[in-house]
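Got a structure for you, questions after.
All chains are identified by letter, namely A, B, C, D and E, in their written order; residue positions are counted from 1 within each chain.
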C-alpha cells in the first residue's frame, strides 16, 4: 500500500464546510459545520437518510455547485489545493483528474446520445489534451476491460441504453477512473442495482482500490454496504455530522440515537422476523428553518430523558465518544453507551 | 376507524366452496415483440411471466422476490387484472379473475387492491389527497357522497396522516407520507387481497420501517392478505411467512421463510442471500466469502433452454441445458426447481468465484460443466 | 376598345380641381412629314439604368396581346409600328409616320389603306423588315383564341374580320395563311382592307399589335417572353410578374424614328412591388431609388410626406390621364330619364372621392363621357353639379317626387374584399339615400363583381365602372359602349353597360365613324352632349389624372396621358 | 429502420393523395370562375368564355377531369390549352390556365427562390434563436433573459405583415441599413443573391428566432438539470463543452421536431415575405393560383406542399434517430 | 378505534375545530385561491376582463359616449382624405381618414369580432385538439393511427390557401347583404381556424398522454375500477392543463393576429364588422402620416396579447401543484 499521507497530512481534508442555497422560500442550509478527512488507500462511508446533505457535501469537493446560486464556506483541501473559491479553469483540472465521482443512477448519468467509448475518451482527452483520439479510445477499451466488461473492444461503441444496469455502472466507474484519480467519490453507486449486481460492483471497487491505492468516499444509506466497504464512517443528519469514527466502532458501538434508529429500522436476514421494526418516528426536518437546538430532537425518543429543554435549545457539540479512539458524536445524552447496550441492542 | 372495520362487506364475490383466497396456476404472460418491417410481424415474445403457480390462503402473505425484470410486477398486474394473461388461471375465491369480462370486474376490484412502488408516480399529481382517497369510495359507491369527506379523513387517520391535509396535493408530502396515501387508497374499499408492488423500495430505511409496521398492523387489524413484491430479501422475510423467488419469469424456489432463508436449495437463492450486505459484528470491515454471480440476466425474449439460471450457475451441467427442472417439493417442505438442489456449502462460494474469473477473462460466459463442485 | 384602367379602379374615384377644362387643347397634329431622329429632350444624357417600379404584374409582352396601358407603353420601347403617336415639346400630340413613309394613303371611303415601308430597316437580329412581317402581324392579330387579351378592332373593321381566325387554325376553321384583308405586292408595300369605313386606322396602327413580326421567329404563346425587337430597346430578360430588363438594340435606326429616343443603357422594370413600399422608396430617394420611377398613382395617404417638402414635391409629376369614371345606369331598368338625372344630381361626388382615397392630384371632376385629352372635347354639365360637392339631394328629391319615383331602388355590386370598394359603396349609399332613393349595395367576391358588371341579367341597375379611349379619338368610345346594336350582338355579355339603345344615337355613330380624322372630333362632341342631355345613360364622375413619383436622378419625365404616365423613351439618367 | 421509413412513406402518399382530392373537390364546390380571370377585363365575349371553358376541359364531367389529371401524372398526356395542343410529359401536372405554362415548370422555377428564402432564414433563426436561447437558459432569471422572453412576446403580438413592411421601409428604404430586397439567382450573382435576401432573412429569421429562443431556452433549462450534464462537469470538461456538446445536443432534439414543421411551412412559400421583400417564390405563386382559380396550379401547389411536409416529417424522424441512438435502434 | 400501535411514532395533531369545517375543494377552487394571491395575474385578468366587457357592451359604450362606429363624417375630411379635426370629446380617438367614422367607436366595436374570432377559434381548436390527442394517445392502435394520419393530412394542406378558397365562397352562399356576408365570414373564419388549428395541440397532447399512460396512477385508477372515460377525463385531463392553457393563451392572440394578417390578403373579416385586423390593414399606409389611426388597433392587440400570455402562464402555474409562490 502506498504512503497514506501527503506531507504527513490526509489526502482530503474538509473543515467546517457549509453549503447553503438561497431560494425563494429561504436559505436552504444543506450542509453545516462538516469536517472530515480521508487518507489514500482508505474508504470513508457517509450514511444518512435522503436530504441529509450527503450529495451536496461531496459535490462541493468536486466543485460542481453553481457558484452563483450556492454559498460555500469552510475549507476543502485536496492534496495541496484549496478547492473552495478556486477559479473555474483550475477547478476543472481537478475534476475528473485528481478527484472523480460516480453517481447513483448510471442510466441518467450517462449521456444517452454518445457512445460509452466516446464518453470515456472525452474524460481522458479533457485532461490529456495532447493525446490523440485513438489513444483515448484505446484507453477507454482498456478501462472497460479493467472494470470487467466482456468484449470491451466491441462494446466500446455501444450506447448506454444497450448496456444493462450493472454494466452501465461499471462504465461509469471506468470513466471515473480513466485519469487515475486519487480520490473516488461514489454517490450511492449501487442503490439502483440488484443485490447480486451490487455485490459485483462493490467487489470491483475494492479490487480497484487495492490496486491503485486511491481514497474512496462511498455515500449510501445502506449500513450493510458501509459495513463491508468502509474504514471510517460519517453519519449525517440534517446537514450535520452526528457521528464520525472508525467503521467497526460506529457500527458495533454507535452512540447517537439517529444511528441506532438506522440500525433498528432495517429488517435483517437473520434474527426474529416477527420482531417489530423500530422506525425513526416522524419525518426529516426542513433545512430552511432548522430548530436551534439538536436537529434530531423532534424525532429523538430519548430527548425527554435530558433535564430541562436542553435538546431543543442547545446545539450539541461534536464530542469524543465514550470509548474514545477518534469516535466523535453530536449528542447531549450523557450515557449513550448504556442506552445502546440495554435498550437498542436487544432489538437488533 | 371503527367505521372502516364495520364497513359493509363487498357485494358480489362469494367464495365458491372452500377454495383458497387466491390460486394461481401456470400463469403466463408474453408480450409480443414486433419487427420493424412494413408489416410489423410479431417476431418474438417477451416471456415476462412464464408458468407461475402458487396459492394463498386468506389472511396470509406471500412474498415475491427476484431481480429486476424477472416478472414480479407483471405477475402482480396479472393478479389485479391490469393485464390479461396469455394463459393460465388466477382463481380468486374460486372465480377465475382472468376470464371475467371487464364489465363484471367491478366487484372484484373491490376485493383486490394494489399498492405501488413509486410513491411519486402512483399518485395523480393534479388530484388532492381527498380526491385520491375518495375515488374508490365514489367508484364503488361505498358511502353516500356527503359522507365521503368524513370517511376519507378516517382513512387518512388510519394510515397516520393528518386528516386536515385533505385538500393538499401529493407533492406537498414526503415519500413516506405519499406511500401512506397510496395505502389509504387501497384500503378504502376494504379489500381482501392487496398486491403490494415494492411498496417500500423507494423509501428511506427509517421511513421504510414506518410503512412496514403500518402494513403489518393493517394486515392484523383487517385480516387482509398480501402478495408482497420486493427485491429486498430482508424486507420480504420480515413481512411474509411464505416467500417465492423468481428468476426470468419463473419461480425457482418457494416455501416458508425459515426454510428458504436458512436452507436455500437453489443456487440462485443462495447467490441472492449471500450478496446482501449485512451489518453484523462479523462482517464489519471484512468481506465475507460470498457467492459471486457472473454475467447478466439473459433476455426474457430468448431465455436459455432447460434451466433458465444455468447460464450464470456454477453448478450447471449438460442436463441443465436440456431438461427444465420442475418445481419439486423437498423434504424440508419447500419447493425448488433445480437439478442439483442442495443446501449451501463453503465450496459453492469458491466455485462461484472461479466461475466468475473464468467469465471475466473470457467473453463473459462459462462453458457448461467447466466448474465441477 | 377600352375597359377600365390597368390598376382596376373600376369603382368611384375623385374631387375638385382648379383647372377649368376648356375645349381644343388636345387636338392631334397629323404630321405626315415627320422624319427621324426625334427632337432631343432638353438636357438629355446617355447611359445609366432606369428602374421602373410598379405594383402591377403585366401578364405578357406579346405585342399581339398587349392592351393594358402599361404593356402598350413598354411595348413602344421595343416595337416600332407603321405610325406613332408622339408628345412633342409643346405638350401636343403628333401622329407621325414611323416605319411607314407617311400616314398611309386611304381610299375615299376609308376602306383601303396603302403603306410604304421605309427602306433598310432591321430587326434586332439584323434581318431586314419587310411588308410581309406587317402582314403576318395583322394575321396574327386575329388569333384571339390562342393569343387572348389584345385589342380587337380588327374583327369589327377589317375585311372578313368576323370570319378570319388567324394563322394558327387550319383553313377549315376559318384560319390559315391566307387572309384577304391584307396584301403585300412587294416587300415595301402593304395594303390593308376594311369591311367598313375606318378613318382612324392610322391611330390603331400605333399599337404594338401591328409592329412587324417575323413569321420565322414565331414561338406562339411564348413569343411574349422574347419578342423580336425593332425599337430602341430589346428584351434582355423577362420573368413573368417579376421583372423585365431591356437593353439597347444596336440595329435600331435613330435617324428613321421620329418618336423614340435611346438615352438610358438599360431599363429595369420591377413588377408586383408592394405599393406602400414602392412609394416610400421614391419618397426616400436613396441609393438606387434615385434613378427609379413609377407610373403608379401616389396614394393620398402619403401626400403629407410629399406636399410642402421641397426635396420631394418637385418629383411628383402630375397631369391628365385618359380615363373617365362613370356609373352606368341601366336604361332598361331605370327607364325614366329624370330619375337617371336625379341620380346624377344626388350623387355625392366629393364624399365618394374622399372615401376612395382620391385627391385633386388624381382626378378632375368631369361631367362628360370623355375627357379633355380627346380632341374635340366640349364641356357641358347636364346635372348642374359640375360633379363637385356632394350633389343636391333636395333638388334630386324634388325631381324624384315629380317623376313619382320617390324611394326608387338602386342596386349595385361591390367587391367585399377591397376596402376602397367597400368605402366608396358606403359613401355612395349614404348620398343617394339622402336624396330619397332606396339603396341596395350587394357585396360579392371580386370575380363575381366582374361577372355581374358584365352580365345583362344581373339583378342590378347601376354599374360603377369607367372607360378609357385607346387613342385620341371618340371613335374608341361611342361605337364601343353606347351603340345599342351591341346588345343584341352580345346576348350574354355587356359592352354597353347602360343598355342604351336609341336609334338617334346609333345613326349618329354610323355617320361620324365614317368621317375623316380631322372632321370627326367636333361631331363626336355634339353627340356627347346630345346623348347626355337626352338620355343620361351614365353618371359621369371624373377624368382621371396621373400623379406619379420619380427619383431625383431621372430626367425627361413628362406626363404622357396616352402612355399612362411617363413616356419611357424620353427618360434619361442624370449624371 | 428501413421498414419504418417505408411505412411512413406509404402513409405519406395517402396523405398527399387525399390532400389533392380535397383540393380538387373544393375547387368544384366553390364558384371559382377561372374563365373570367383568363378572359381578362377586355373583350371577354361569351364565345371566348365558352372557348376557354372547353379548352380547359371545364365542360367535361368532374370525374373525367379528375381521372385525366391523375392519369397524366403517371402517363403524361396531351393538353388543349388556349387554342394550342401541347404534349405534357410525365409527371404531368397540367398547364396553368393563366400562365399557359406547364405547372411543373412554374413550380420548379420558383423552388430555388423559396429555398433561398427558407434556408437563409433558417440559418438566421437557428443561429440567433439557439444562441440567445442557450444564453438565456444559462443566465436564466436575469434581466436579459426576461427581456428576451418579453421581446419575443411583443414581436409576436403584431401581425407579421406589419412587422415585415415596417422593417422594409425603415431598415432598408429610409435608413438604408440593409440592402434593397430582390431575388437574384445564386448561380448568376452570389453577392447579389446574398444582398437581395439579407433583409428577408433577417426579418423572417427574427420572428422565428424569438420562438426558437423560447423553445431552446426551455429545452436547455431542462437539459441543464439532467444528471448527465452533471457527469460531464464532473469529468472536468470545459464549460463550453458542457453547454454545447452535452446540454445543447440533448436540447436540440426537441427543437428539431418543431423545426420540421416550420421548415415545411417555409418551403411551401412565405406569402408575406415574398411580397414585401420582392422575392417571389412558391407562396405568391400558390396565392395567385388560388385567387384566380387556376386549378392545375392549385393542384400543383397542394401536391408540392403536401410532399414537402410529408418528406420533411420523415426526414426529421431520420435526423432524430441519428441524434438519438435510443430511437435508432429500437 | 384501531390498534393504537397503528399510530405509533406518528405525531398526530389533536383534532382542531377546523376539522369540522373542512371542506373538500376542487383543484379549480384551489387554483382560483392561488390566483387571487398573484398580483400580475389579477392585473392581467382585469385587463382581459375589460377587453371582454368592451366587446360585449360595445354598443352601450358607444351610445354612452355618443360615438358611432358606422356614421360617416365626411364633412370633417379634407379633399386629400385627411381628418380636419384633432381628437376631441366628440371623437376621443379622432376620426378615420377618408370616411370620417369615429375611431373610438370603431376601436370599441372592433374588439368584438377580434375577440370573437380569437376566443371561439381558440376554444374550439383546443377542445378538438385535446379530445383527439387524448383519444389517440390513450386508445392507441388504429384509432391512434387514424388520428395521427388526419393530423398529418391537415398539416399538409396549406391553411392560408384554403381560407382563401373557402372564405369568399362560403359567404356568398348564404345571402347577399353586407350583414349576412359579414356574419358568415366571421363564422367561416372561426371554423376554418378551429378545423386546421388543433393539430399542434393534438400532437402535443398525444405525446403527453403516451407518457402519462405509463404512470402508475393510471394503473391505480384502473385497479380501483374507475371507468375508462373517467380515467381519461378525471385522471389524465387534469395533468394536461399545462399544455392546454398555454395553447389556449397563445392561440387566442395568434388567431386575432392571423385575422389581421388575412385582411392583407383580402380574406379577413369584412365590413360592417370593424375588426382591429381590418383597421390595421386599412391604416397601414397612414403609419407615419396619421399614426393614431394605425396604432390604436395595434396597441389594442398588443396589450391584449401580453395580458393573455401572462394570464395564461399564471393560470397554468396556479393549476400546477408543483409551483409554489
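Quick notes
FYI, a contact is a pair of C-beta atoms (placed from the backbone, for glycine too) under 8 Å apart; a residue touches a chain by one contact, two chains touch by 3 or more.
Here the structure is a predicted model, which means the values were calculated and not measured.
Chains touching both chain C and chain E: D. Counted by C-beta pairs in contact, the busier of A-D and C-D is C-D.
Compare each chain's C-alpha centroid with the centroid of every protein C-alpha atom shown, and the nearest one belongs to D. Rounded to a whole number, the gap between the C-alpha centres of chain D and chain E is 26 angstrom. Inter-chain spacing, taken between the CA centroids of chain A and chain C, is 92 Å.
With centres defined as mean CA coordinates, chain B is found 31 Å away from chain A. Chain centres here are Cα means. That of chain A falls 52 Å from that of chain E.
In chain C, the positions touching at least two other chains are 276, 448.
Within chain A, contacts with two or more other chains are made by residues 279-281. Listed for chain B are residues 210, 213, each touching two or more other chains. On the side of chain E, the complex with chain B involves touching residues 1-3, 5-10, 12-13, 15-16, 18-19, 22-25, 27, 30, 215-217, 219-227, 230, 234-235, 238-239, 241, 319, 321-322. On the side of chain C, the complex with chain D involves touching residues 1-4, 8, 59, 67, 143-146, 148-149, 151-152, 168-169, 220-221, 240-242, 270, 272-274, 276-277, 280-281, 284, 286-289, 447-448, 450-451, 454, 490-493. Across the complex, chain B meets chain E through its residues 1-2, 4-5, 77, 80, 82, 105-106, 109-110, 112-114, 116-118, 121-128, 130-131, 134-136, 139-140, 148-149, 153, 157-158, 160, 162-164, 166-167, 169-172, 182, 185, 189, 210, 213-214, 217-218, 220-221. Residues of chain C that touch chain E in their complex: 15-16, 276, 299-305, 350-351, 353-360, 390, 416-419, 422-423, 426-427, 430, 440-446, 448. Considering their complex, residues 49-50, 148, 150-151, 164-167, 194-200, 202-203, 206, 221-228, 231, 247-248, 251-252, 261-270, 273, 276-281, 283-284 of chain A touch chain B.
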